[in-house]
Every structure is written in C-alpha cells, then in structure tokens.
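Each structure below is given as structure tokens.
Next come two complexes, and both contain chain A; in the first it sits with chain B, in the second with chain C.
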Partner chain A sequence: MAANFNEHSDISAADLTRLSQEAKAEATPSSARIIWDEFKADKPAMVALVIVVGFILFVMIASLFIDTSKVMQTNIMNYFSAPGADGLLLGADSAGRSIAQQLIVGSRNSIGIALGLTVISSTFGICWGLISGYFNGYIDWGMQRVYDFMMMLPMTMMIIVLVTIIKNYNAVTLTLIFSIFYWEGTSRLIRSRTLAESEKDYVAASKTSGTSNFKIIFREIMPNISSLIIVDTTLSFAENIGVETGLSYLGFGLPIQTPSLGTMISNANDPNNITQYWWTWLPAALEIIILCLSISYIGQVIRRAADASQRQGAED
Partner chain B sequence: MSLVEIKDLKVHYPIRSGFWNRVTDEVPAVDGITFNIEAGETYGLVGESGSGKSTTGKSVVGLEKVTGGSILYNGQDITKKANRRKLDYNHDVQMIFQDSLSSLNPRKRIEDIIAEPLRNFEHLSKEDEKLRVLQLLDIVGLDADALYKYPHQFSGGQRQRIGVARAVATNPKLIIADEPVSALDLSVQAQVLNFMKKIQREFGISYLFISHDLGVVRHMCNNIAIMNRGRLVEIGTRDDIYNHPLHIYTKRLLAAIPETNVNQRAAHRASRLAVEEVYREQQDKYYDDEGKAYPLVAVSPTHSVALPETIAKQLAQQETEVQA
Partner chain C sequence: MWKTILRRILIMIPEVIILSILVFLLAKAMPGDPFTGSINPKADPAQIKHLMKINGLYDPWYQQYWNWVVHLFHGNLGNSYQYQEPVTRLIGGRATNTLWLALLTMILTYALALPMGVFAGRHEGKLPDTVIRVYTYVTYCIPFFVILVIGIWIFGYVLGWFPTTGSITSGTTGWLRTIGSRFYHILLPAVLGALFGTVNIVQYLRSEVIDAKRSDYVRTARAKGVPSKDIYRHHIFRNSLLPIAAFAGYSITGLLNGSIFTETVFSYPGMGLLFVNSISYRDYTVITALVLIYGILNLLGTLLSDIILSVVDPRIRIE
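Take a look at the complex of A and B:
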C-alpha cells in the first residue's frame, strides 16, 4: 500500500530530511516559548514570577537549616522583643520565639500544604470532570450524584471533626483531609467545558481515526481546555494557601507546635498584639497578600499565552 | 456485491420529559432508508437541512447509534461495535467533516493530525510515517512547511484539504464527505472538489457525498438519492434525477437552483411558480396521511420514486410522453 502513495506523489524517502528541515524552519514556537515571551512582555508579571519562585526556593532551602523544635522553645528573655533587638530580625512573640525563623518554617509548611492540596485535588477534580463530561449518560449521572453528595457535606465542619478524631495528625494527613473536600469546584468547571468540547468535530474525527476514549480524553480534549485548567489551578493554589491559614487561625489546622502562616496570623486574635506588637502577625499577613497577588498575576499571563488573541508577547 | 449495503436504516432520537424523565416520544431523524454504494463511485445524498442526511452519514461511519436496520460492509453488520472493531472498520471507512476548523484539533500540529489514523491503524516507523504525511500533503497540494503548523494558520480551503488528507491517510475504501465544501467560497469549492476527484481516480475510493447543493452534486456524483423528512423520496442516476424528476420534492429542489441567464428570467420565474403551485395543490398525493414519503417504487431499473404505484406509473408515462 505504501507503493500506492509513492506512485501518486513526487516525494520519496530521499527528500525526507530536506523537507523536514524546511518545515522545522517554518515551525510555530512551542508553548513554553510563548509563555516565556508573554512574561517578558509583562513586567509586573515578571516581577511576580521572580517573587514567587524566589520566595518558595528561599523558604524551602532556608528551612532545612532551621531546627523547628529549637525555634519553638519558649525563651522568656525575649518576651515580645522588638524587631532588631537581641539579634532577632523580626522580633519575637509572647513566648520569645523568633518571628523570622517561624515565618520561614511556617511558610514552608503552609506553601507545602497548599501545593500538595492543589496537586491532589486539581488532578482528581480534572479527571473526574473530564470523564464525567466525556462519557455523558449513565456514567455522568452516577458521577454527578457523588459530586452532589460531597457538595452537600458542610466542608469546614467536616474538616474540623476529622481533625479532632484523628489523633496524631501532621502536615501530610491534613493535606489529605483537605483534598477529600476541595476537588468539587474544579470537577464541575472542567465537566461543563468537556461537555461542550466533546461535541466538536475533532473528537468525532478522532473517533473515526480509531483513537481510544482514554486517549481522546487526555490527549485531545485536555490540551484544549488547558487554559481553563491552568487558570483554575493557579487560582486555587492562591485560594488553598488561605484554606490552611484560615483553619489554623481558627485553631483547627496544624498543631500549635508546628509553625504555619495561619498560627502566626492568629497572634492577631489578641488586641494587644494588634496595637502594640504588630511584628507578631503583620509579616505573615503581608506575605500571604503578596504571594496570592503574585500568583494571580502569573495565572493571568499563562491564560493570555493560551489564547492567541490576547497575547502581548513577541509575534511569531 | 455492493461495497456498502444500507437496509432499512433507522435512527430515532428519544424525547424525554415529565417528572421521571421518561422517553415520551421520538424524533425519527432517519426513518427506514435503503440504498447501496458501489465500489469506486460517488453516491450523492441530497436534501434540505434537517432531512437526516448527516445522521445517515454518521451512522455509516459508526459515529451514531443506530435504532434499527443494518449496514452491511463485506457482509458484516457494522452497526454493532464489536463488528466494527473486528474489521478495523475505520481503517476502510473515513469521514470528511463540514466544518474544517472544528474538525481539526486546534492544539495539534498538522503532522500529528494527519498521522493520527496512521498511528492507530498502521503502526509505521517514525520515518515512514513522516514520509507518508509529506506525501499526503503533496497529494492535496500543500507544501512541506505545513508539517509543524497549527490549523488556525491555514485558510478554509487549505484546512479542508488537510481534512481530506487525513481521511485518505489509511487508503480507505469509502469516505463519507459530509457537506465538505458548503463552508467554502465558490473558487475554493472547485479546488477542493477537484482534489477529491483526483484522489478518487488515483486510489479508487468511493464517496458518500452529502450535500444540499445540487450544482456540486451534479459535478461529483453518478448516483443520487434525495432525502426528505428522514426518508428517501427519489433514487436514480444523475440523468434520472436532473432530467426526469418525478417526485414533487425533487422538482422543488431543482427549481431552487439559481439560473444566471438574465434573458430567461421571466420564464424561470414562471416555471418555479408552476412547481410551487403543483406542490400546494397536490401535496396529499405525494405524501401519506402523516406527511411522510411513501415507500420507494421502481419506475426503471435505475430510477425509483417514493409514490403509490399507480401515480408513479402515471407520472413516468407523462414524463416519457413529454420527452417524445
């Protein structure tokens, strides 16, 4: 049969390398290249990217050199030391613990939980939405009833109860507990787009080309909703930092002896701290604001990169 | 034996309503049609929008769940999924879609799009596969630099030719062309149609050519079936349909073809109005009590029309007299 094609086309094996080189020269840039161009065109986003990447790297590496149990030891001599005094860069809290060191370890914990939660819940939510939307019919019906049931559960209450039941929980178990409840929004969003997307002709064309359902879902449809996935994931990462922080603030997140952004912000529960000892809670609050803003900037750039009509970066 | 034999094909869509969401009624999109496609020919399927011609095409390629009837390919009923898989059916039967933009995945490069059926059915080596893609691009008149581009970088006509290249990739025996040129302007239409004809000559492919454009169908097809409200109203050769139409619906479709002869304008208008007059007065004669077409009746070896036998004979008689 190959002979059949050779007969009717002037192109033979001899031309292969020459022609593919010609084609390479004309090739469209890769998506990583497009995203990078987009960052270069948008200075604030570039700054945001440097802040987020730099900060996460710094926190991850610096916390390796900090002994958490030592940091969390009470040191009455440093009771509410002001920033700069006694060699404490950001001062100390009511137990005389260094705020700067708590901030580094706490950020590692909070960002770690947020990252883990985002990876687990988004992956699960995306798969759930894609499969539910693509197959439609009975599978969709069943999967949506599970979704409805999960939505019906009061999320915060359930997490608080689970945290109370489970004795020795740590960052990993907490991440898993959160993950049970945070995939629903993503799955519904992805499902609705998948429903629309799987009606398009290219899916039908893939079916007639003999591609398996699994491949159509993850190799054909998923790349086409990637902009939605990326935006949703970055935004939910920013949101997930808030999830852990909020619960720790309420006292149901990480144990007291584990520093996190939430436990540091909960210093603001005390009116004295708010008015006099601002250094106990303000750095953590500022950090969350800056991180979340930067992440949403990055998310916007990636969304623009995915949509050719909105691009600001170099053309072609 | 014909390449594909369609027997009493039915595709009904359920209407669900009420509290329990039960099936309360059905839309008969395709309601019992029978025709055969011979190897190497172009079979035209014509009708207004909503007449069920696209549904028929999708059933033949295996995209639509069939309610009743059978589609025989090599003697096997391919309305069953197991049979399709056993035969590697889509290796032999491919489809060209109406909307060239939405039928090409916007996130894939042209190489991957055209190679998709090859990867699933032929498992060539990397070099052979690339060579085949380049040859296919050459056959549809595109340059090699299309290889690593994305669909949105091409014009409508180029995109449709990429669609044709993908359909031809596995060297199929039958291609369902679902209004392949209706979204293109006239000059590009001719270009794509000529590529399709060229490929048919070279590879001996059959087409099921679905269209509402009778001019295009006349250019492409030897045998034509006219569809109306989910049923066939007339089957015949090109000559039968264009020169001796019997059913009023065929006559109306033909009357709707625009004529460019300005001098004859009044005459054309009069003939169109005459057809419309007949339709209005004699509608009951051509459709049964439910407003559907009658079963087909043969009036000559090639020509069948959906009318009660007496009327069909009488009309055929009239037609031959007019000719004489």
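Take a look at the complex of A and C:
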C-alpha cells in the first residue's frame, strides 16, 4: 500500500511521517489512555489503585500457600493468643485459629463472591436496562412492573429466607441468590440512559436502514454508554463487598466453617471479644473499610475520566 | 392528580397479592417444622404429627394459603410457635421499638443533611464544599454494619457512653424516666444511622442550590436587595423543600433494611431482631408476617414519595 501511495501522490515521505505524527498528536486519546492519565494526575487515586490491585493479588497468591482445610481447625493451645505471640502475626481467635490466615482466605472468599456477584448482577442489569429502555411501550411497561415488584421486596429478608431454604449451599449458590436481588440499581441507571440514547439520530438512521434491534442495542447503543457501564460496575463492586460480608456477619452468608470477612467481624458479637480480644474482628473491619473506600475512589476517578469537563489529567 | 394516585394504588394490589403468595410459599419451603425439638426431645412422634395436623400443616398449600388470607383479613396473623403469643401482639410490641428508632434516625438525618446541603451548595467549589463532599463519599462507601460494630465498640464498650443492648434499662420506673431511658438506648444507633445516611439528601440539595443560585428569581431577589441569608433561607431552601420531603418515603426502604443490622448489633428488640431470631426458630407465622409487613411498608414509602413528587412536579403525572 505504501508503494502504491508513493506512486500516486506528490507528498514526500518526510512530509507523510510528519503529517501522520501531527494527526496522532491531535487525535482524541483512547479511553484507556484517558483513564490512565487521570490516575497519574491524581496521587490518592494511584495509591488506591495500588492498594486494591496489590491486595487482591496478594490475597489470591497467598491463599494458594495456605492449607484451607487447616485454617479452620481448632488448636486449643493458641486460645486467644495475642498478636505477635506464639508466632501468630495477628493472634488467634477463641478456637486458636490464626487470624492472619483466616483474613487471607476470608478476603479471597469475600472478594471472589463480590466479583462474581458484580459480574452476574451487572450483566443482567445492563441487559435488562438496555432492552427495557430501547423498546418502549408494552415491553418496557411490563419490565418496569417487574422492576417495581423487585424493589418492593425486603431484600435482606428475602436473601436470608432463601439461604435457609437451600440446604447445601456454597459460594456459587450464594452468589446466585445475591444476584437475584442486586441488579435493580444498574438496570435503572442503564434504562434511563438508553431511553435518552434511543432518541438520537444514529439510532433512527440504523432503524431506517434495517439494522436488527439486537445489533442496534448491543453494537451501537451499548458501546456509546460504555463509560457509564464501567463506572457503575466499579461502584457496585465496592457495594457488593458489603453485601456478602453483611449477610455473613448476620450468620446467613458463607457457612461458619468457611472463613469470610463477615464471619470474622461477627466475632465482635461477643461482648468479651469486642473489647478484650479486639484482634479477632478489628483487622477484618478495617480491611473492608479500606477496600471499599479504595474501590469507590477508583470508580470516582473513572467517572471523572468519562466526563471531559471534570478531567484533571492531560489538558487538551 | 387523583387519577395518578388511584392508578398507583391499583398497581399496588397485584403486587401485594404476588408478594403474599411468594412469602407464604417460601416460608413453607423452609426446612424443619416448628414442633420438632421445641417440645420435649422425648416427645412422641405421633403427638407431633397430631399437633401438625390440628395446626393445618398437612393441608395442600393453597388451602393453607387461603386460611391464612382469611385470617389475615380478620386481623389474625396466627400464633407464634416460639413465643406462644398472637403474632399481631408480638409484632405490635416490636414494631413500636423499630418505629421510634427509625423516626429518630430520620429526624437526625434531616437535621444534619439540610444545613450541610445548603452550605455545600452555597460555597460551591470552596473548602466547606470539599469537606462535605469527602464526608458524604466516605459515609456512602463504608458498609453500614461495619460502622455499627465499630461505633458500638468505641462509644458503647471502650468509652462506655451508651448502653450496648436492649431498649430500656430494667427496673426503670416513672414515665419520664422510661422515656429518658428509651431515648438513651436508641440515641447511638440513630446518630450512627443519621451520620451515615445523609448522602442522598446532601447531594440533591447541593445541586438544587447550585441551580437555583443562577436562576432568575434569585437574581431578581438580589436586585431588590434581599439579604443573602434570606435568599438562601426563604427563596432557595423553600423551593427545594418538597422534593427533599419526598426522600422520606424512599428512605423507609433503607431504614427497614438497616434495622435488621442495627437491631442485631445493638440487641435492640425490634422487628429486625425478631426476624433474625424467628429464622433460627423456624417460626413461620412470624417470618411471613414480618416479610409481608416490610414489603407493604416499602410499597407505602414509595407511594408516598411518588405522590409528593407528582404534587411538586406536574410533568410526572403525565406518563
């Protein structure tokens, strides 16, 4: 192609490279690039990113070296060992189980469930919102009624009832149960944006030229609201960490024998533990706070990157 | 106006019916029965069977559902198997506790959020705005139950300022002392709930104030020479008051959901704690009644908010 170009144009090769460089410099940067610039411009955001990515990696790798079946084994010799004593970095709980090991395995479980929940509920919510917003009329009306009904359900109670009904549940079933109730926020947001987007000319043009609805929804509208989707997914990830840990705290999340950040915090339900043996629950509580704040902050930064008027990085 | 309200109520009816069927079936599907183990462990299985039979637990589900609905309309929600007491009376006592806690939380939330929202909007982009933004961000992100646990740890146990369980100090006499003791017991959970529940109101009010600052009526008021303080208090604030009031209805959902956690952490005998306890006792009648009550309250909250909003903004009425 280059040879062909040289033959038929009178622009010199030097000019061509100069022009294409200029074009490259002036072109709108890719969204990944914009987000990265935003992180570079905002120091706390960088810290949050390092914390979240580093911590998730650490937990995933470290839990490979921990014998999961041994973590929850009772070891009466270490009954309420203080942090640092008996070679236990963060001490031990009433059954002499190492808090540090529980924290690592528990974080892996909690983060894993939150990730799974985010993927399932966001995917469902996005599809629901897109379809409901794109097809006006009866489809939207019907879907809205289902949405209203789901909003009416007392979520926490329903989850607890379902968890008690299903006998041998594990992390996967638990994630699915949570997913039934946590798609509404996303769907509502996506629906309102899709409603606005469907009014636009490019959708009308596509319809006139006979593009299938499926294609318009997923190949044209969805990419156009992708920044909203990314922001919403990040923020719901932070929220979902609270969902699983909260239910596990009440005793209706992961089974007692499976460590989770929530079950660790429920150590605080015992008046003795909460003051005297603070190390049994406080690290897990602090970890949740730091994780949620960091992930939401990352979400805020991405939101800023998606909105050109609020960007702090890369002046253009 | 009335048409909108009527239509909203008509839509509610099938929702409540579906909810009641769903709740009833879920409670039936729960494992175990209320009698095994709760009586004498040596009890004769035949006797348990007999008890199940006279309580109608062997009838087909639609028969049981129908009986339940008929009783429901007579104001009879059945007897709690665990507490051996009519469910209506049991829940009635707990509901007032939950109600007081929710009411105080809501009052404190508004008392905190209204000035903050106006203040942040007034000083848009300046230091107070930034501080309030960081505060709402932090309170929004942290899961509520973690805050409750840390709150009860610091203020209840370490500092010892507040009671950590119950709704009243036992042995309290005299109505003034009773009220005082009750108030003292709900103060910490209510303050925590309020501190961490302001985000929606603050953000909404802030953007309303920022919009209003640039509107014509504010400019006119300024031109007339109305003092800045009065503009914010009488012109801008009053205009955003009704939509803010509409938040009260929506926040019922949040308060009810939160009540399960708040009451568990503070061992506060309200409906949320009753629910958690009933689950472990498999007390179906109480569970179904509570889920139904929470669902209907959610619905009424949304209805209330929608009505307020449709009064404020006529565009919503035309769907």
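As a convention for this text, the second predicted complex is superposed on the first by the 284 of 316 C-alpha atoms of A that agree within 3 Å, B and C clash if a C-alpha of one lies under 4 Å from a C-alpha of the other, contacts with A are read in each partner's own complex, and residues count from 1 in each chain.
As a working rule, a contact is a pair of C-beta atoms (placed from the backbone, for glycine too) under 8 Å apart; a residue touches a chain by one contact, two chains touch by 3 or more.
Everything quoted here is computed from the prediction, not taken from an experiment.
When both complexes are overlaid on chain A, the residue A:Met155 reaches chain C alone and has no touch with chain B.
By the touch criterion defined above, A:Ile288 lies against chain C but remains apart from chain B after alignment on the C-alpha atoms of chain A. Touch criterion met: A:Ala268 reaches chain C, while chain B stays clear of it. Once the two complexes are overlaid on the shared chain, A:Leu19 sits against chain B while remaining clear of chain C. By the document's definition of touching, of the two partners only chain B reaches A:Ser206; chain C does not. When the two complexes are overlaid on their common chain A, residue A:Val172 makes contact with neither chain B nor chain C. Against chain A, in their complex, chain C makes its touches with residues 11, 15, 18-19, 26-27, 29-31, 137-138, 140-146, 149-150, 152-153, 157-158, 164, 253, 256-257, 260-261, 264-265, 275-276, 279, 287, 290-291, 294-295, 298-299, 302.
Listing the residues of chain A that touch chain C in their complex gives 145, 148-149, 151-158, 160-162, 164-165, 167, 238, 241-242, 245-246, 249-250, 252, 265, 268-269, 271, 274-275, 278, 281-282, 285, 288-289, 292-293, 296-297, 300. Of all the residues in chain B, the ones that touch chain A in their complex are 58, 61-63, 88, 90-91, 93-95, 97-99, 102-109, 116-117, 120-121, 127-128, 130-132, 134-136, 138-139, 144-150, 152-153, 163, 166, 171, 202-203. Interface of chain A with chain B (complex): residues 1-2, 4-13, 15-16, 19-20, 22-28, 200-202, 204-211, 220, 223-224, 226, 308.
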